[in-house]
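Each of the next two complexes has chain A plus one other chain: chain B in the first, chain C in the second.
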Partner chain A sequence: MIDFMLLFFLVILAIAAISMKDLLSAIIILSAYSLIMAVVWVRLNAVDVAFTEAAVGAGITTVLLIAALSRTKRRERTSPQPAIQKQKSMTRNSILSFIVVMVTGAVLVYGTIDMPDFGDPDAPANLHVADRYIEKSYEETGIVNFVTAVLASYRGYDTLGEVMVIFAAGIGVVLLLRRKREQ
Partner chain B sequence: MKEHIIVRVIASILIPFIQLYALYVIAHGEIGPGGGFQGGVIFSASIILYVLAFGMEEARSRISQKMSDLLSSTGALIFAIIGLLCILAGGSYLEYDQLPLGTPKLASHLGIYGIEIGIGITVAAVLITIFFEMAGRKDD
Partner chain C sequence: MFEIAAIVIVLGAILVLYRALKGPRVYDRALAVNIIGTKTVILLALIGFIYERPHFLDIALVYALINFIATIAFLKYMETGGLD
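And now, the complex of A and B:
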């Protein structure tokens, strides 16, 4: 029951975020979306992901987006086309995009029919390496939380790559913004 | 927000606790949810709160541009160097249990602890840098 309520909230917030013309409101709505998403992760027993979603998605991303917004305009720009022509192209565009979205959605729903049930122990994802992580990770890495064991030890290269991506993002921001100020 | 005394007092009470919590999250990544990424993000949030309450100048005097730049690369280097130390100790890259630190299990534990600290430093420093660069440009 609560899962359906959370899903319902997510859909409402997503629609509100894309239909909002005021960008500051859209950012706040996205923040609320991330917070509800964090609750969904907790419901799925993925506390590590929930923690990250709450800290990064609801916290820092909101602050950074507002900081970015302070350097641009608060409202979305409306197109400079004349009203009647705009109306006409809008209807054609919206019919076309409605068809595309419906077809894509139907294909995705068709794809979910073949998927295993949620939490099914015989699902392919649970048969590959999950057992080894659950049973052996403490003996092999000395770490109780096997999410951390996977991130830091079994998938250490991936985590090193992630850290480098974050570092590269920092360097990118420094190169783009700091040089401009010094000129 | 510089003249708002309530915001400044509350912020100066909260910031040490937020930073302590960030260190707790980094240190307890092995036995509970959390780790370097989350802890680093929480630490940078405390600095952002400091900027909001006390202003950019004050924050820059605490954490200089040079220091945050240096820290962003230091964290990534800690991670990479721990990997290299594993090679020097006779294992492959990032094979922590080859490190000469007591039993293999303890060595693995300490190695992972080290890289979590490295991740935390990089994430916190990069997010602080991004925030400073984006928010601190009122002058141009």
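And now, the complex of A and C:
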């Protein structure tokens, strides 16, 4: 019951965020979307993802989008084309994009037919190395929490690479913002 | 009991959602989203008790802490036209 209500909420917020003409309103609606999405993550027992969604999605992304917005304009610019021609091309565009979206959606749904059920213990993802992580990770790494053991020990180089990517991105953002301020 | 409370909270959030979608001013939307955030905090606490994992309360506390950042950024943008 709560799940359906939350999903209903999410769909309405997503449609509203797309169709808003005022970008600032769209940003505000998106932050509400992130908050509800975080609740959905908690419902799915993915507490760490929920934390990230709340901190990054609802907190930082909103601030970054508003910062980007302060360098541009809030409102949509009306196109200089004559109205009738614009209307015609808009209907053609919307029909075309509707067809593309429906075909893509159908292909995606077709792709999920073969997938195992949600939480199925016989799913390939649960048969591969999960047992070993659960049974052996404390002996092999000495870390009590096995999610941490997988992230920081078994996939240590992967995490190192991710940290380097984030570090490079952070330096790039800092440099860009500094240059703007000096001008 | 907790589930009924959670459903009622979501229903309340849907009522506030009307204000967030309708506007008409940006301030109405910001206030509505702020209220939705507060309801989210309560909903998380309730979900923790529904699943009998009361330590979800910590997440609710963290939410309460970061809930206002977006609002502050928004208000600063409205007042000065930028975040600098």
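The working rule: the second predicted complex is superposed on the first by the 180 of 183 C-alpha atoms of A that agree within 3 Å, B and C clash if a C-alpha of one lies under 4 Å from a C-alpha of the other, contacts with A are read in each partner's own complex, and residues count from 1 in each chain.
The criterion applied here is as follows: a contact is a pair of C-beta atoms (placed from the backbone, for glycine too) under 8 Å apart; a residue touches a chain by one contact, two chains touch by 3 or more.
These numbers were taken from a predicted model, which means no experiment stands behind them.
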{"item": "Partner chain in contact with A:R178 - chain B first, chain C second, else both or neither", "value": "first"}
{"item": "Chain B versus chain C as contact partner of A:A67, first or second or both or neither", "value": "both"}
{"item": "Which of chain B and chain C A:L160 touches, first, second, both or neither", "value": "first"}
{"item": "Partner chain(s) touched by A:R43 [first = chain B, second = chain C, both, neither]", "value": "second"}
{"item": "Contacts of A:N145 with chain B and chain C, given as first, second, both or neither", "value": "first"}
{"item": "Which of chain B and chain C A:L10 touches, first, second, both or neither", "value": "neither"}
{"item": "Contacts of A:A130 with chain B and chain C, given as first, second, both or neither", "value": "neither"}
{"item": "Partner chain in contact with A:L23 - chain B first, chain C second, else both or neither", "value": "neither"}
{"item": "Which superposed partner A:A169 touches (first chain B, second chain C, both, neither)", "value": "first"}
{"item": "Intersection of chain A interface sets (partners chain B, chain C)", "value": "47, 50-51, 55, 59-60, 63, 67, 70-71, 181"}
{"item": "Residues of chain C defined as touching chain A within the complex", "value": "3, 6-7, 10-11, 13-14, 17, 20-21, 23, 26, 29-30, 32-33, 36-37, 40, 43-44, 47, 51, 56, 59, 62-63, 66-67, 69-70, 73-74, 77, 81-84"}
{"item": "Sites on chain A touched by chain B in the complex", "value": "47-48, 50-52, 55-56, 59-60, 63-64, 67-68, 70-71, 139-145, 147-149, 151-153, 156-157, 159-160, 162-164, 166-167, 169-171, 173-174, 177-178, 180-181"}
{"item": "Residues on chain B engaged by chain A in the complex (per definition of touch)", "value": "25, 29-35, 37-38, 41-42, 44-45, 48, 69, 72-73, 75-76, 79-80, 83, 93-94, 96-97, 105-106, 108-109, 112, 115-116, 118-119, 122-123, 125-127, 129-131, 133-135, 137, 139-140"}
{"item": "Parts of chain A lying in touch with chain C, wherever the complex brings them together", "value": "1-2, 5-6, 8-9, 12-13, 16, 22, 24-25, 27-29, 31-32, 35-36, 38-39, 42-43, 45, 47, 50-51, 54-55, 58-60, 62-63, 66-67, 69-71, 181"}
